[in-house]
């Protein structure tokens, strides 16, 4: 079974909020010193699922990522984990692009790869939390898509059975291949790369495709524009809630959370 | 002229048979010995030739003939027991050779005889003495194994019984032969056979014909038993007669606290140990050297909390597996040692792969040794410290962990988090490296990078992750900073330039990650003059920097804060008000990587002496101390099997009636702090690092 | 043995037959028999001088035979052939 | 006549609670866009009955697509229905809830209509005739504002982030139009639909809100305080290692270095001192609330709000007030 996995490199989600900074002018994140970006968590689950399917049925796992030069690290990580090949879609015209353009570019890249039985993506990325690009890819490729998926059952050459998470439960769906599945973290625990893999990743040659390679008319404006990116100012130190009685303090706490629209 | 006719009452046929049996004995002895040797040869060759051969030989001789490692505090009984059996065996063997010499060489060729007169008298007196010691030792052994209800002897193997039985039978029949001959021949020199003489007297009244008959029967059974013993040696635990000293001779002589490094790891194709052939031949000898005394279990944290890992079982099972492949009916291959049911044990049969089901061809990891066993180990070194033949359990276990991690990437989920954190943040937690020195700013401690003139510094304080990020650990670091200030020690920390020493990664088998972390630290440390002394407040960092960084080109003078504080006190630089602690004071707990690994036992005790006016010594202390459960990266794993190691140790400390436990390791601190809360004694039982106790003692001064 | 010696292989041992070691074994066995002969002569024909060399030859011969069989991976004990699942 | 199309979550027996929020926000938006109408699409299995309920919310026009198949409708049927509705209504804005099946329905619909989508919005406003969509990004560490240049703008709304319509004028029975769902590629076949009783709320790892208890709670007999709070907030329940070790709750609830690593928007701790092993697991948490009797407890270093005192007195009042706030 030939599987394509889309991976995205994101800022380390474990950055403590107190250390989170953005540049409002360029609308980009300023990562704290010594914190390097990582592979999106859900994508790691998708890759793990792909690797297990391959080990079970044979075939090939190819990872595709769109992003700046640094995104190559996410691809190397994927190879270290056991992916057979990787493609890096890297073009200034695309890197800053919106979700719709990203979907179009990745779809084009997957098409260019040729025969594909299954496309696996993370259900969403931990930076924009959009959870939509993979569905865009499916639409562009005309593939049936199911997301978020917590389990993949009896895979065959023609179909797989996917468990799709819905409110208070799940649906078991038989999906005709080729198809795209948005993988959720319930599915597995991603492996830690064996040293052989890490070394292979170090040597791996990862082809870079530009918008031109994908015959995309680059530079055309995306449909979704980021107008503003900011961090809510908040005191670094804790705000201790004072009150006459503990009970009152408890009630006041509830109000605070309400004000902050957290409950 | 006192002597005896050699071969009295022994027919020519008997003698003929005896010499034929020599062939059988030689054949099977050589076969068994060679089979074991052939197995060892399958191991990897050593990186270099054996070093310090002379020293090794001296040590091996001392251990073998003087019982250096058998006769130790706490092991007087078993030490003497073995001493008696050993020397009894040796002397009786020499005695037999002497008779052979007289009968088959001196007499036939030179027509002379020395086996008479004074020599004969002395010979008999001595032989009787050692014969007696031999029997006494054996009886002690029988009581030890079957009389005393030691947990480690809860189950024994047929092999154990066979060996004891054979030796006892030989000893007894030996004396019986003597007695029967004396009684039958009315030997005038009878009294010099002072052990068998009384028996001879008792037999005095019996019809000589009967005595002669009995003598013949006894002679045959004695000789057959002797043949059986010789043949049994190579296929039983008796092989330790040869493999024991061999293993002692081959022991690691390099800093005992350092794990071997995988050189140019990037080029390797295969990592650690997945099958017997992956061990070095030297390591394979370990498995044949064990004779199951069980001392490795006495202070073993996993055995004493009912976890699957039992060092003896690990060695015995791999040894049996190896011998089955060698085609030897090694004793242990029969029934298995099974310590299930020891106090606190919650083991089910499922926890232990049954050797009986292990075919000759099986997976070393999985069929012979379970992954649980391998991940249980805290690498506390208690087993290695106690093993009389110096089997090196911990390196063997780490080798197998290396294969699981670097090759199969199969390991507890918690370790994935640990490794990812170490990779991303150079600390075991998920804190950005940039926040490492935040505690220092608060405590007014300088980072080296900020020091104008580093050469003016006296020491570099290596803080370690625990004391950098953990609120509890930070209290220790701050206390230490206060002590430095009081003694006017000019120091600084690496702060944001410091990273995890790599100890947890290495002990967990991730040698690659260890080397990455170590190289990063060495680079920075070498950047600042490497002549500087480094004071570490974490025994794990201390051990790694001191004993393992040299493997990667980092040579520093590293001391633990307990040593440095002692130095400051004894040199008078640090004024402490002794006896500031009222109440029952503290019990002192030896951190494994400070004590057993680096033999720093006295410094912390001296410090306690001078600041607290004393401390309570726990029954299990110094080289026989008991682990807190954190070592070997266990601090970052869940303790799912058996009972809690930390609770076991904590209860021992509480039983000393002390008000708290003093430690010298941040991991011990957290393990015990969690423990006191879980045991609900936090109100009445404190956990403190000695640095905190010293800092408190300063309080009255400053 | 050579085969089993090659690293990285599952340690199944290729059990050789006596034939494979015939020559060496026969020599060792002969040596042993000579030794036994000598000792017997020494004992039964009362030539005490024959005993010591006889015993020595028996010892060496027997040892050699055992060693030869072991090196050629001949299995003397039952149930220890490779693959045995007992 | 373009306007706002609300695609209601019709997967349940009755109208999903979020529908009121969608309709409320839809109406508000329609106002700002110049008194445009709000149309609601009900697509699902026997949804006819639900239509009248929409009248109570002040909806005038409802499109009903009734699925007559035996099993539950496949995602593709829902998409076909939504697309058909969108093409017939030609709205400027399409609203869905950011929950359950609607999440991916919205995204796929947007791409089918070749337009842009913003998911999980927490606020909408019309600014110079342009719709500005606010949503938390980077797990809540930052806030982003988006605009969609293509039409229609598809937006999924975070549940409970929006007010329901303030006393809607009940509109009697809305005008109901049934929608014929065109044929679609049946590449996905529904084998079965499994409804699990909401066991312990959302999964720890992905939960937006987590209530965690520590040894400070005193004993397992007090754990129900945590559970109740979680119930009300639809939150996941977490615990410290000490608690799981002590066996008060299942080890699967452990948060920390040796347990789950979590990054919720809101992390409420009760009786947790904040040992490094626990903190290491929540460094990604956006807003930590600490309730602890020891004012020096390490947890306060990481908290945004803290209450010092006996949780026994604080938590019940806190819970009570939350009940009131959430009606």
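Here the chain labels run A, B, C and D in written order, and each chain numbers its own residues starting at 1.
Just so we're on the same page, a contact is a pair of C-beta atoms (placed from the backbone, for glycine too) under 8 Å apart; a residue touches a chain by one contact, two chains touch by 3 or more.
Since we're looking at a predicted model, the values are computed, not measured.
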item: Joint neighbours of chain C and chain B, given as chain labels; value: none
item: Between the pairs B-D and A-D, the one where more C-beta pairs touch; value: A-D
item: Chain occupying the most central position, where position means C-alpha average; value: B
item: Separation of chain B from chain D, taking each centre as the mean of its C-alpha atoms, in whole Å; value: 59
item: Length of the line joining the C-alpha centres of chain C and chain D, rounded to whole Å; value: 82
item: Inter-centroid spacing, chain D versus chain A (mean Cα positions, whole Å); value: 20
item: Euclidean distance of C-alpha centroids - chain A vs chain B, Å; value: 50
item: Multi-chain contact residues (two or more partners), chain B; value: 430-431
item: Per-residue overlap in chain D, given as positions that touch at least 2 other chains; value: 261, 283-284, 301
item: Interchain pairs in contact, sorted by label; value: A-B, A-D, B-C, B-D
item: Residue ranges of chain A in contact with chain B within the complex; value: 12, 14-16, 19, 32-36, 38, 189-196, 198-199, 202
item: Chain B-touching residues of chain D, taken from the complex the two chains share; value: 215, 241-242, 245-246, 251, 257-258, 261, 274-277, 279-281, 283-284, 298, 301
item: Chain B - residues contacting chain A, complex; value: 265-266, 268-269, 271, 405-409, 411, 413, 415-416, 419-420, 424-426, 430-435, 496, 512
item: Touching residues (chain side chain C, partner chain B) in the complex; value: 1, 4-5, 7-13, 32, 35-36, 39-40, 43-44, 48-49, 51-52, 54-55, 58-67, 69-71, 73, 75-77, 79-85
item: Chain B residues within the chain C interface of the complex; value: 12, 15-16, 19-20, 22-35, 38, 41-42, 44, 103-105, 107-109, 235, 270, 275-277, 324-325, 327-329, 359-361
